[in-house]
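The structures come next, written out as structure tokens.
Shared between the two complexes below is subunit A, which has subunit B as its partner in the first and subunit C in the second.
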Partner chain A sequence: MRSNTVGWLMLAPTIAILGIFGIAPFLYVLYVAFHQWNPFGASPLMIYNGADNFRRLVFDPEFLRSVAVTAKFAFFAVVSEIALGYLLAQLFMREFPGRGFFRTIHTLPLIVAPIVVGSVWRLMTTPSIGIIPYLLKQWFDYDMNIGRDAGTAFALTVIMDIWHWTPLVTLTLLAALLALPKEPFEQAQIDGANRWQIFWHVTLPMIRPAILATVFIRLMDALRTVDEVWMLTSGGPGDATRYVGLHIWKIVFPKTDYGYGAAISVIVLYLTLVMCWILYVSLVARRERKRVA
Partner chain B sequence: MIKKSGIGLAALTLALMTTALPARADFWSDAGAKYKGVVLHGVTESTPPSNYIKDVLAPEFEKKTGIKVEIETTSWDQMYDKAIKDMEAKTGIYDMIYIEQDIIYAYLARNFLVDITKSLKDDPSLKSPDYDESHYTTFANYFKNADGDIFGTPMEAFIKVYLYRTDLFNDPKIQEAFKKETGKDLKPAVTHEDYTEIAEFFTKYGKDNGLDLWGTTAQAHTGHPASWYEFFESIAPTFGVFNWGVDASKNYAASVENGGTMNSAESKAAMKYWLHLRDIAPPESAASTWTEVGTTFAAGRVAQGLVYGENAAWIASDAEKSKVVGNVGVALPPTEAKVLEDVKAGKGYLGYYDGGAFGLPVTSKNKEASLLFLQFIGQDSVQPDWAVAAPRITNTATYDDPKIVDMDKKLNGYYSMLKNDGKLFAGAPPYPFHAQVREATAPIFYKILLGEIPSDEGLDQMAAAAEAELKNLGYRK
Partner chain C sequence: MRQQRPYIYLLLWLGLSLLTLFPIYWLFVISVKPAVELFTTPSLILDTVYWKNYINVIGNATLRGYMINSLIISTSNAALVTVLAFLACYSLSRFDLAGKENIFFWTITNRMAPAAVFLLPFYLLFTQVFTFGDWKLYDTKIGMILLYCTFNLPFAIWTLRPTIDGIPKELDEAATVDGASTWQVISEVVFPLARPGLAVTFILTWVFAWNEFLLAATLTSFNARTITTGLSEYVTTTGTEWGTMAAIAVITLIPALIIFSMVQRHIVAGLTFGAVKE
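Entry: the complex of A and B
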């Protein structure tokens, strides 16, 4: 009984912080989501409108388009980051001159603020000014214009995200790889397994928790990306890169449609949870059940 | 003896007076003494006038009063984001905020701002003898309520002007080529037809001669509100479409059907004119906002263009940033002939008079000290150097200062134009739903820019979207 009290007392600060900064704002957003509220409208009052905001978003083509393009962005960005991050982690496992230096250099993008990343990439990709369009023109006679070409703008946002966040994946997987015991690998080699078999049957199962954790983190980040993309394309051309985070920002901030923006935020949170749950069930729970059986 | 006593008495009286009265070094040190040690926080957009406040006026004020002023200069959207969130949440982080001319009506509608005139009347001890609201130019009217009380100290004020390259326009070889091509003399455009002809000529001239030169700028970003503003604030008015085509007197009608002009024949002609210019502008135009347009001009990549006046000074005078120093001419934007007549007769406007003020949020925790700072930056004495450092004039006396007269020559008459023709320009209409209507129509606007919707059809859709949004907001019945 006494130990319970001490335990609760120890937990109290964390619970209070979670309550104030996590749960309370979420409950407030949920409350706003069931209201029509535009403080800059003729009537700034908050009016309860049931599930109208949720009904509205189901038929809102702008929202649906933003979800679709975000899913596409998250897929390409996260898959590329995991693959590239793993390869780099493997590379940094090996001994080569200057390994420590390259490991450090490689993590530099992580410490750059997203808004700066967006600004720098914008500078590098602005037609007539940026180095990238210049080189593409010189080498391939290709006129890159992110103000006009939706495909290029989308690809650039993915590349920018990969550049910024792959080091995080590398660091996580490097830590996971370094922590692996040597025995299973030696055993596999003795058994005559080739590189691919070792990767598939030994390495991958052992680092799967680290990969999954990284996927979850990167997926959640990718689904709510705003600042980098805002700086690079502002959501354009047209709505080609109007990702859902940016869409919510535009609904809530310039349009000041707080009720609808809150409803979209809640749904996006729900979709993110569902996506993570599906991933968890398909990649972890099923295997765990199989293992137990 | 009597004389001696008299002198002694006078000396005694003087000594008594100087000891009995508080020392009055000047108003600022006296008024500031009470707030010594207070730190004021301000947030503003990173622009030349704001940077001057941060780098020059704030330290000067601190030296005189002991009140520290920390100014945060950030991007346009961040500035809004932070200020509005702070005022809504009533956190009171900021004591001063930048109020752009077009957001003031929304702020006033929500009672976000302190009435500066009233506050100074209520507490005369805070009123500086060197501060007088009547010294402001008429631009200050945008920051007043119906009673004439001011809610912000004007700090930026500029018009969007027509800049052209004098070195190109005065080049005999180019003049001859232009004459041969068009049968006309090469001179700054007065009408849209002139402007288009000149733009087409220079774009072709650049291409034929292998130059990095185009005929016009275009602020035509396909995902950023800057392009929306260029059309509705700079292009449409020159065709006679004012206030974004929304008529408040006709139940906020936007469509022609209901009495608005957003999709009028004039608006549609304006869009076609602008899209054509965009197509013969430098390739970066499709990704250009207000800043990039200035940069494009400064890099010598265009022969002419519509550029915000806040950039005019550095383009014309700062050789470190601009390749066209000494070669920049200033003129009024080209218009339809009838529109210019109407505007001169006081019906409408031909371009955008932009700018902003520094206001005091009602949520500020240091209102009195902030009122001192707002007066400090509003005095006549600090204006000339500020206007030289950043091209803005907010006080009438500034125009006649020798430094400004000299600068005006370097800028080929930009300040004179501001003084004499400023009345032909106008700020945003007094609508509290500014950002909402823009955001409701912008996605369609971007589709027009990308060619996904024909421009006429797009404008029809925009007018309908604007009316729907206004209805949704409760303004349109």
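Entry: the complex of A and C
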């Protein structure tokens, strides 16, 4: 084969750019995480304080709540997106008039900027001016108030995320379904398998890697959502929708507690990484086994 | 065999499309209403159309400038990212490099960090590290183009890799035997076959760059300010000019919509990440 130098040269620009704009800032954040530093407040000078920031966050109820609520958000959003995305992808596998047109329509939310998504959902749902609370009141005599009711606000951020990102899931799963060979399905039908059995024993094992890869991408992005939620609820009411990305932002910016913000960031990044690594390993292991078999 | 009922699917999709389109429709409704009317009883039907918001936006030279900045930044970023990701994926797929799977995973870790974390280091990098005399990376288009690589490049590499892996290596080998150079193999064999994947990578990268807000808001002030940031200037703590904001938002959708519909037919074929091709 050709010399590996060519291969390294092709990877070099990627490694260089991600090194400068990925590793360097990360090392800096790691450095700051071991310091007490509040440039516009109590400690304008960077003071080394060992692992104090990390000790502090373990006992910080605000931080722990934000992790819990982020996990809840990511779980509900990603599970619904996968389930719904799979159903819609299956629907797109059928022949029907205007399929291409509906596929385009279904893809539209993807191209809307997160900040716009947040703004529109806020306008639609803000009590007294929003169309949704108005209609709920008119039709069902139900009072919806995202400024007061924590559960509604939480549900709404999940629904908004589903609206925005299900199309990506549908597209990736559709791509996976289209790439499947036909024979196993025909064989299963000949053997008299019902729909559920075909799904469970034929379709699911074959598209499992695609599902895992989609979960991977969606989970990663759901865990760091900021713009949309910031526009919709600003983290409220109380801290019902104060997701980790937003929590970090609030510590780093209005409070300018950089040292503590950096420590939280390091931990959050670490947790995300571990979770994604587990997913990735199971994805690769699956593929390797397939290759051996 | 099960019976095919195409019209049931058609009806189902009509219903689903209404749900999908409603927020976008509502954005349009807000953009064509005078400010006072927003606070009256909401109505589903648009009775009068008021174009003033759009006239204000189009007539605003600053916003036009932001729009041009956004176009330059997202297009250059998408082009750069697609080229780099293509080279990286080709290398990962065809060469036997030590630790390449670790490098592959490492690239995606750059997308995992919450953006808020990196604002400060980026700010320092842009205002203090990358300075040459009076020139700073801060508030430059080139700065934003490079910066957006941190989250777009990993995504692109991960989306593109299955496409490149799916192109049989035998084709490369056959071309090499016929005397083609590495460059010729890439440009005449792999590139044409990878086109659907490249189109999807380009468009998604373009959309992500076009839509990005937090980093642009922190790292630009005027010369490289993007339209999403311009849009947020109408959302302030003292009150929001919803009409103007919505009009800008609708306008920002148009370029994305145009390039999206251009590559629409490639989208599904190109989005094969994780799909096993045997």
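A few notes on this one:
Methods note: the second predicted complex is superposed on the first by the 271 of 293 C-alpha atoms of A that agree within 3 Å, B and C clash if a C-alpha of one lies under 4 Å from a C-alpha of the other, contacts with A are read in each partner's own complex, and residues count from 1 in each chain.
Basically, a residue touches a chain if its C-beta (ideal position, glycine included) is under 8 Å from a C-beta of that chain, and two chains touch if they have at least 3 such contacts.
These numbers come from a predicted model, not from an experiment.
Once both complexes are superposed on subunit A, the partners subunit B and subunit C clash. In the superposition on chain A, A:155 makes contact with neither subunit B nor subunit C.
Of the two partner chains, neither subunit B nor subunit C is touched by A:46.
Within the superposed three-chain model, A:30 lies out of touch with both subunit B and subunit C [touch as defined at top]. Contact with neither subunit B nor subunit C is seen for A:84 once the two complexes are overlaid on the shared chain. With both structures placed on the common chain, the touch criterion links A:145 to subunit B but leaves subunit C unconnected. When both complexes are overlaid on chain A, the residue A:129 reaches subunit B and subunit C alike. In the superposed model, A:18 lies in contact with subunit C only, and not with subunit B. For subunit A, the partner with contacts to more residues, out of subunit B and subunit C, is C.
Looking at the shared chain after the overlay, A:236 reaches subunit B, while subunit C stays out of its contact range.
Overlaid on A, the two complexes show subunit B and subunit C touching the same residues of subunit A, namely 115, 128-129, 253.
Listed in rising order, the residues of subunit A touching subunit C in the complex are 1-2, 4, 6-8, 10-11, 13-15, 17-18, 20-22, 24-26, 28-29, 32, 88, 91, 94-98, 100, 102-117, 119-121, 123-124, 128-131, 134-135, 163, 167, 171-172, 174-176, 178-179, 181, 206-207, 209-214, 217, 220-221, 223-224, 226-227, 231, 244-246, 248-249, 252-253, 258, 261-262, 265, 268-269, 272-273, 276-277, 280, 283-284, 287, 290. Touching subunit A in their complex are the following residues of subunit B: 75, 77, 80-81, 84, 88, 106, 109-110, 212, 220-225, 282-288, 292, 295, 301, 432-433, 435-436, 438-440, 443, 446-447, 449-450, 452, 472-475. The touching residues of subunit A, when paired with subunit B in their complex, are 38-44, 62, 115, 126-129, 143, 145-148, 150, 230, 233-242, 250, 253-257.
Across the complex, subunit C meets subunit A through its residues 4, 6-7, 9-10, 12-13, 16-17, 19-21, 23-24, 26-27, 30, 38-39, 41-42, 44, 84-85, 87-88, 90-92, 94-97, 101, 103, 105-122, 124-125, 146-147, 149-150, 153-155, 157-158, 176, 182, 207, 210-211, 213-214, 228, 231-232, 235, 242, 245-246, 249, 252-253, 256-257, 260-261, 264-265, 267-278.
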